[in-house]
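Below are structures written as structure tokens.
Note that chain A is present in both complexes that follow, paired respectively with chain B and with chain C.
And now, the complex of A and B:
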């Protein structure tokens, strides 16, 4: 081993040796993105989502002409329930493994010993994972869209594009929740367990809970709508249905109330709910991680 | 280069580091010496600013708490064992750290070449030996030519040859004017690299001295590990210190540095206190006189 060259007389300017705030985030994001797309879990999720999306597209195409929807619009409706199951699971588990995994492997300490801040590390990991998630979804939507365009032309392509947009919002919102869980957990297995519990709660328990509480407490329609809009999955579902149908009448009195009261502002209210589910857990995660007294 | 004032770190009710203060001038070298659990690693983490602590740390005049990333830009850190993604390839991992420290690809290659890792860029981190990982960590630490190198037991996982290489490199870096702060369990390393030794026990500095004062003998010394019949190692360590020995507890016996021709001294000192030694193991044969040169 030869000596490492060093130049003792050359002054080190601290500002030049530490990356800028955005530069540090970008470097971590790039690394996280590369690691994520190379991971087996991501490949598995992408493959599963793509296969199911293409399957739904073929099923939708089989009924073209006999029902109200056709092509992209019909597929968007068919994909809705699939997305509500798969996308939160992907995003929550990916987020849950982010910080807790690094902490458990002992790599977090080494990363924090570099000339970067905790906020740069966390945001970099978040944006890298978000980019990887969106890429994974784009593969599924892209192949499914390709099949639809080939077989049924561009009918309802607008609805399909809106579905992709709202799915992206749902994914990054669930990723924020996953990252918050990760920041609060010391072990990756615990974080994944909590993420799965959160997924079950959001997907199944909250629906049943809302139904039960509306019966038990005789909730008014505006209260039921308010509670439903607080759940990011319900917000996503309502936003997609509004986009497909132009109203929520298919959801009964609550849907009619929302359509009549909020009118054109309804998609914005539902979008804002998803945006809040992105911003608030991420902000909390940043505050907790930055203020943490240990690694 | 380093100014640490009243550093205190608690983990729940345990004080891992208690009111530690010291200064280290540019070009100087301090060794942290003490048993496992004495607080060396926690102190290093406080200096790096990766854990919050009470007190103030300034690196090159930069407050670590307020401007942590700028302070860390002045530090090259070598952990006890490199912790990095096992799947990452050496070349891409190196480039990641090079970009973080804003140095060129050419400098990254130069650093790898300097530690003898050229040609290993395609290897994954998990395929590297302990020695190679440590050399890799050293290459990363020196990427942007920082004035201060902090090392946490850098040779603990290396064989004799690997240790020699790392110590030789660190000696060269010292000659180039680098400031060193390192934790070590090896008297020869401390003597050959440090001009001050901070001896820590239970989170506190119990001595701030020079290596020569800590090991005054010119004779070759050996590090021996004593296994006690009764597991009252803290009392035994106190008894040995009172008898003038340099002791550290490492969680598996008591390690004592003794002159080679007086290996029984600590056993006699313990016997006077009715502390029975069950077994003895000779760990290192350290040539103090050679290290001093």
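And now, the complex of A and C:
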């Protein structure tokens, strides 16, 4: 069945009403957002993330923690692990399904027939998905914020807000990678597979590999820090810890080196790594998608 | 109407300057006025200094009571020592003392004392390189002073309170902020209680100072809470060390100290809770750690491999990132983790207690593969708090041949945390702000969904094709 018959009340805009560049993007973003929040993955991820976040907040504040000794730091340490596992998975798979899914179903052809450029289509989908992801995170953090308020009092609101900010940055960076994967894949299943592989690499393989190399090759602290900061997940983790502790001393000699050499610039360097992971894959995806002559 | 508003605005902007400027200009006086007051006083007499700012350096050469509680401010204008005490039996009370020199060579102080039996109480010392500096001033009392250091790098600051060769002094209810150390050199038989040290280097620092009791001090956000070096027979009771996390940050650090007793202290969220460096150093000495709460530190107990003859009993090791670790390789087995069949509580203990006597039936042996890797290569600490760390620990659990030797053995671990009176106020309840923040996040999500979901753009192709 075609799309038109499924929604007879919604008029299709004709070429005479061709929207502006941003207007076109916004229109596609809105559509993508609507599709995303109506889909099962969004519901599932939101539910999973919220449950886990609430669970971590609750458990980390039980027992002695409820006296507020640990403050927000302990909750954050628990949330960090959770975020580093779940958020990249959400964003990568969401991104991976975006273009490849439409391509597989044949609906990409329909989208490209609209009076908009290919770039507008891609960016629209990207921003729509990003908004949906951020909504999902807002729900999870909002409810666990309620738990923190109930159990721990108003501790560390600034830190909590920064944690959310960096998580959002991590999410859109991973979404960029997902979209890049999607643009290059013919089939949705292939894209998802590659996305899962990328997730495994970023979360486990690169860290374990870096650990092994620093043991084998006796890497110097600056080399370890440089290599770690390339990984968006490590950058995210370090940025959150800098924000919580005002330095990276808890991360041993490498952290102390980073804090001493970069000083106040450290969060910016780490943020720049995340920003690069957002911008570069997205730009690549746009270039590849626009240059493609076929669907 | 508008012009009156303007006038009010101008008045608000100007008024504070007028008031403060006028008062300051009228009351700045030379220190010679105070000198003449002291000149006229007889030995032991009280000199009440009237309100005002007295500029210059004051030297007290006879036993008097200097009382500045009417509002006397002593300001050395950034040169030398503000008040120097040369006579025995002087009392300085209720003064505001500020503006010592900042050149570290002369060690300028807010108050320097070189005579015994001095009482320094209820003063406020600001912007001084050293706060209170006692040199060979035994039997003195420092009580209820508030001291804040100069705004310098921690390495360039002076000490908030320093005792040098001053035995039998009482230091109580003082607050030191943004200083280097509260440090005790070669001073014995001190009583140090209910002091607060915040944002400094070492909260309480002992060098070659023996036979002292430290009670109920609060050491918060310093590099190190309490650092005892080469000091014997010291008791720490009911102190609180929180959030001391410099590059080598410890709640309590002990270096070559004999006969130390540490009971009922709270060591919370420090980089390292307790650090032992060759302490005790003598063969026949024992260090006793009883009923301390050691929680939420990166490392609960860190000790050099040669550390021996410490006894740990009834302590609660709660949710430390690593409960215990060796500084370098080796194990902590020359220390006892139980006394008379009573061990400690370890929150990661996974044993059981069939006979219900409160003592676990399985020994506690922490075996962390990641911890062992850290001991070998400290740089790997970069990877804590990450899923990769969890993966390594999981691997070690799954493959026993990868499990490292345990750092310690507690033969009779407690199955529930012992009751420890911590004397710490609970965190403020009623996190209304956090609640509101959570509600705001939720409403952002709701607003997004509402705004974006409203039908304005293209039709929903995806749902269409699925049907």
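The rule is short, and it goes like this: the second predicted complex is superposed on the first by the 268 of 295 C-alpha atoms of A that agree within 3 Å, B and C clash if a C-alpha of one lies under 4 Å from a C-alpha of the other, contacts with A are read in each partner's own complex, and residues count from 1 in each chain.
Keep in mind that, in the parts below, contacts are C-beta pairs under 8 Å (C-beta built on N, C-alpha and C of every residue); 3 or more make two chains touch, one makes a residue touch a chain.
Being a predicted model, the structure only gives us computed values, none of them experimental.
J.: Mind telling me which of the two, chain B or chain C, contacts the most residues of chain A?
T.: Counting residues of chain A touched by each partner, the higher count goes to C.
J.: With both complexes superposed on chain A, which partner does A:294 reach: first (chain B), second (chain C), both or neither?
T.: After superposition on chain A, A:294 lies in contact with chain B alone.
J.: After superposition on the shared chain, which partner residues are touched by A:225: those of chain B (first), chain C (second), both, or neither?
T.: In the superposition, A:225 touches chain C alone.
J.: Output check: A:112 vs chain B and chain C. Expected answer is one of first, second, both, neither. What do you get?
T.: Only chain B is touched by A:112; chain C is not.
J.: Let me test your reading of the model: by the given contact rule, A:161 touches which partner, first (chain B), second (chain C), both or neither?
T.: The answer is second: A:161 touches chain C but not chain B.
J.: Check the residue A:38 against both partner chains and state whether it touches chain B (first), chain C (second), both, or neither.
T.: Touch partners of A:38: chain B and chain C.
J.: For A:214, select first, second, both or neither according to whether it touches chain B, chain C, the two together, or no partner.
T.: Only chain C; A:214 stays clear of chain B.
J.: Do chain B and chain C touch any of the same residues on chain A, and if so, which?
T.: Shared contact residues on chain A (touching chain B in one complex, chain C in the other): 1-7, 10, 12, 27, 31, 34-35, 38, 105-107, 110, 114.
J.: What residues on chain A touch chain C, complex-wise?
T.: Residues 1-7, 10, 12-13, 26-31, 33-35, 37-39, 63-65, 67-71, 73-74, 77, 80-81, 84-85, 102, 105-107, 110-111, 114, 128, 131, 134-136, 138-139, 141-146, 148-150, 152-155, 157, 160-161, 164, 203-204, 207-208, 210-211, 214-215, 219, 221, 224-225, 228, 233-234, 237, 241, 245, 249-256.
J.: Which chain C residues qualify as touching chain A in the complex?
T.: 242, 245-247, 249, 266, 268-269, 271, 293, 295-296, 298, 316, 318-319, 321, 373-374, 376-388, 390-392, 417, 422, 424, 426-435, 437-442, 444-445, 448-449, 452-453, 455-465, 467
J.: Would you pull the chain B residues touching chain A in the complex into a rising list?
T.: Residue positions touching the partner: 11, 45, 48, 50-53, 60, 62, 67-75, 77, 79, 82-85, 87-88, 92, 96-97, 99-102, 110-111, 113-116, 135, 138-139, 142, 144-147, 165, 168-169, 172-173, 176-178.
J.: Could you pull out which chain A residues touch chain B in their complex?
T.: Where chain A meets chain B, its residues are 1-10, 12, 14-19, 24, 27, 31, 34-35, 38, 105-107, 109-110, 112-117, 120, 292-295.
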